[in-house]
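Letters A, B, C and D mark the chains as written, and numbering starts fresh at 1 in each.
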Amino acid sequence: MKIGFIGLGGMGSAMARNLIDAGHTVLAWNRSPDPVTELAAAGAVPASISEAFATGIVLSMLADDQAVTDRLLDPRVLTAAPAGALHVNMATVSTALAIQARREHAEHGLRYLAAPVFGRTDAARAGNLTIVTSGDPDTIAEVQPLFDVLGRRTWTVGDAPEHANLVKILGNYLIACSIEAMAEASAVIEAGGMNPATFIEVLTDNLFTGPVFTGYGRMIGNRDYEPVNFRLPLGLKDVQLALASGLERNVPLPFGGVLRDAFVDALAHGQTDQDWAAVTETARRRAGLA
Amino acid sequence: MKIGFIGLGGMGSAMARNLIDAGHTVLAWNRSPDPVTELAAAGAVPASISEAFATGIVLSMLADDQAVTDRLLDPRVLTAAPAGALHVNMATVSTALAIQARREHAEHGLRYLAAPVFGRTDAARAGNLTIVTSGDPDTIAEVQPLFDVLGRRTWTVGDAPEHANLVKILGNYLIACSIEAMAEASAVIEAGGMNPATFIEVLTDNLFTGPVFTGYGRMIGNRDYEPVNFRLPLGLKDVQLALASGLERNVPLPFGGVLRDAFVDALAHGQTDQDWAAVTETARRRAGLA
Amino acid sequence: MKIGFIGLGGMGSAMARNLIDAGHTVLAWNRSPDPVTELAAAGAVPASISEAFATGIVLSMLADDQAVTDRLLDPRVLTAAPAGALHVNMATVSTALAIQARREHAEHGLRYLAAPVFGRTDAARAGNLTIVTSGDPDTIAEVQPLFDVLGRRTWTVGDAPEHANLVKILGNYLIACSIEAMAEASAVIEAGGMNPATFIEVLTDNLFTGPVFTGYGRMIGNRDYEPVNFRLPLGLKDVQLALASGLERNVPLPFGGVLRDAFVDALAHGQTDQDWAAVTETARRRAGLA
Amino acid sequence: MKIGFIGLGGMGSAMARNLIDAGHTVLAWNRSPDPVTELAAAGAVPASISEAFATGIVLSMLADDQAVTDRLLDPRVLTAAPAGALHVNMATVSTALAIQARREHAEHGLRYLAAPVFGRTDAARAGNLTIVTSGDPDTIAEVQPLFDVLGRRTWTVGDAPEHANLVKILGNYLIACSIEAMAEASAVIEAGGMNPATFIEVLTDNLFTGPVFTGYGRMIGNRDYEPVNFRLPLGLKDVQLALASGLERNVPLPFGGVLRDAFVDALAHGQTDQDWAAVTETARRRAGLA
């Protein structure tokens, strides 16, 4: 199958490569040229955004709402795309953007599918992502073979384009809450003269299994926040997406306000390039431990 | 072995029964007589608190700090107990009480061991509790055979008596935070026109496994808070224990303030006899969904 | 003096009328025509935005960032304005917009002054506003005669264009915090079987004087939120401006998260058209009093 | 008139001296002897607590609930007091203690009146306190001549003994909220490159008059927290009293959780002996400004 792929960051590059390895012809675009060159060595065809759309099916994995708006909701791009072309947006964007994107695609006779993913670059490389999608069943069925290459499982969670984004945004919210809860508890443990790693070990042995608690728990318990998989500013961005998703639906999110402040505190202390698990240091600073 | 057991609530009764079934002679006391009568039918020996202490080893599972202070730190009880007798407190009490209890036992030539447990009545019945203890290794070794009857695993987490309580209190804090996080996220999901049960299913399939997220998640996703395993006022009591444990060690706990308010809100709305997972209704009320 | 005036809401109309009464010729524009017609009856000259700018000095009082961006940062407007023309923005806008507006005006050879005001429509009518400005002293001196018509006092608070906005935004933040604090305290008073009005009377007699506590206190104590001077959604908008001003400068604002949720809760309960003092009802609902 | 006075801290000493100066015979007791000696030089009669009660009317100004319970609810003291003797508790204590104290006094045939005060030592010295009382009108009338010596105004706010305490506790809550609000806003102002003192000057000129905003505002704006009138641990104690007063009446207090954490953070950073206005430094630390 011939497909376009827009956005070759860590996640996008890994995903596009899996599609190539599965035998697809991938027309790839990225803002900076290096990732395109690298992917071309693996068999990708460097392309413009319009050339990518010309294949009739484009997967995108751009950084944020702004990038999607600038690159893919540009009227010139949408006007040039062939009738009925399908854009599958796999990035974490706001529900407001999902609603707008679906509408603008429809106005140009195009189709839009939201399909954000859970999983980090290692899961992307392993074709092991969890894909969440929502919308028209026929469209989803059409893309399913590609999803099967990229992920371990696809969930269809609703019929509106923003439903998948809502699940993704609030899933990340649960992760952020889990990190903050472990960070706060670990600060008390440390102030009480104990080793947080022991605390985390007890809790993740049986009560809190699964990669979020065990993975981030290990980082928090050991105060070793490497490797950096998801930087603090991206974490703050996702907390803001959650707060906005609540605001638009009149839902207060008291944990969200706390998260926002904890991440802002981290940025105020120069932790910009650290993994979001390092928000633990905010809890330690507040307690005079750092 | 001949042992005393003080406090036959749902947890205590199940634990004492397992000790009887394992061949131990259990001298049992409870504030109200019915649980004693029931346990006597299974082979327990009704006893006074002092008779229980006279065995040389007493396990206790009382409701809260006040009950422990009133019943087991009574100078008459401590004075009457045989020299070197061991009191194993398996209830969730404050770290301040653990420190005080250890000191007062020592002043009377008695030994005190904190050994709170994770797990609800079904785990207690199945001898499947997770036991957390701290303190003198020889004492722990001495009680280990009893712990092996009661639980699936025993963790020794420190050398001070309050260390085990700290792990227990903050473990419950993590559970309460997880409930609140799922409740908030589910309110946005519901306000967004989706089914929270689907959201929970996606998140617990792979990212958040383990009994806390799957068990409470099912209750929250389905808004079905039965059976009542842990009532809301007990949840609030444990949040207060966490806040106090932070206060005494100068550790701010911003999620704790949010939890406190969510539980108080639930009590203000008559949810006194509901499971603490029903704090979900607070999140729904705030959003005008209830 | 001949001046332009853009934006004739409740505040803008009252301010423009005072300028007319002081003998100035006011070229007025508004999105909807009725306020222009009304003001024309008082002597204003209906005008386009470009005609207003052609006078060389324009005061604007538009609703929010979006309106300012759409109407006054339109490149066509800025290009058409005469060299050196001065735009005095008296509305409550974000500091980000102030920075951007100053830059874009400068790029077109125009001058931009931020001069937001404290005071409601009654103060505007009475020429009794408190005006906060920042920036070039010569420019401020030039506009001072107009400020003297509109307000009781002008404060120059800094040299950057956004400084005045920062003072205005955080001043409103103090007001919102004061309302929430009185609302929370009054809920305890009411739940304790007392009259909140008495509580407010005691507190504002001596400790908390000034219009914020006495004015909003009377509304809160009596649960009488009329007249509606500042609607809840505008209050939420200003809380969001404060949060954004903190976010951009890496300053956590924990009270801000609480305010956000209290206002969202009010909107979720249909209080859209009520004065922001009515956020008191959120505190009462949480306590099961409403 | 012959009266007893219990508790000669800064406030108590100033109040007792005013009573002496007004011609009353004051039998004074204090835990440590020095303040008694000092006051005796001004005319007081050193006395035991029971001798103080023997006068038939005792005013007390002890540090906290614990001191009141230990000294004045001691059954020996209450049993020895003459029938109908009146105890006027002017300290800031919990509403739970007020209820308990009234009951225990009644059980011993004694009368109890709550009459906490607003105002610091300078106001106490000047006889300028604001006195808040509640309960039996005849009893209040009986003490009014003494109140007139001590304060500028007496407010009767309800008929239950705890009503006066509720007003006092929540009044202090408003003060703490005002300090935190000014602290947070000032941190944004400082991070924005401005002088917080200017911000405070603008806000207290007209919107926020009264001693709380002007007095604490000056300390916050100048970051000069001297003189120490009310130490941070006392502030935290009062925040805890407010939280408890809400908890007992099922009223969530979201600002209270934030205050608690801000004060705990300050104590974690060694600010134990500073005035509670210095909680401003917590806001500055969070923003990386300290």
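The definition used in the following text is that a contact is a pair of C-beta atoms (placed from the backbone, for glycine too) under 8 Å apart; a residue touches a chain by one contact, two chains touch by 3 or more.
Everything numeric here is computed off the predicted structure, so don't read it as measured data.
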| Set of chains adjacent to subunit A and to subunit B | C, D
| query | Measuring between mean CA coordinates, which chain is farthest from subunit A? | reply | D
| task | Starting from the mean Cα coordinates of subunit A and subunit D, work out the distance between those two points in Å. | result | 52
| task | Would you kindly tell me how far, in whole Å, the mean C-alpha position of subunit D lies from that of subunit C? | result | 38
| query | What are the residues of subunit A that contact at least two other chains? | reply | 246, 250-254, 256, 258, 261-262, 264-265, 268, 286-288
| Which part of subunit A faces subunit C closely enough to touch in the complex? | 243, 246-247, 250-254, 256-258, 260-262, 264-265, 267-268
| request: Could you please specify the touching residues of subunit A with respect to subunit B in the complex? | output: 95, 118, 130, 132, 152-153, 155, 157-158, 160, 162-163, 166-167, 170-171, 173-175, 177-178, 180-182, 184-185, 187-189, 191-194, 198-199, 202-203, 205-213, 242, 245-246, 249-256, 258, 261-262, 283, 286-288
| said: Under the definition above, what is the set of subunit C residues touching subunit B in their complex? | reply: 254, 261, 264-265, 268-270, 285-288
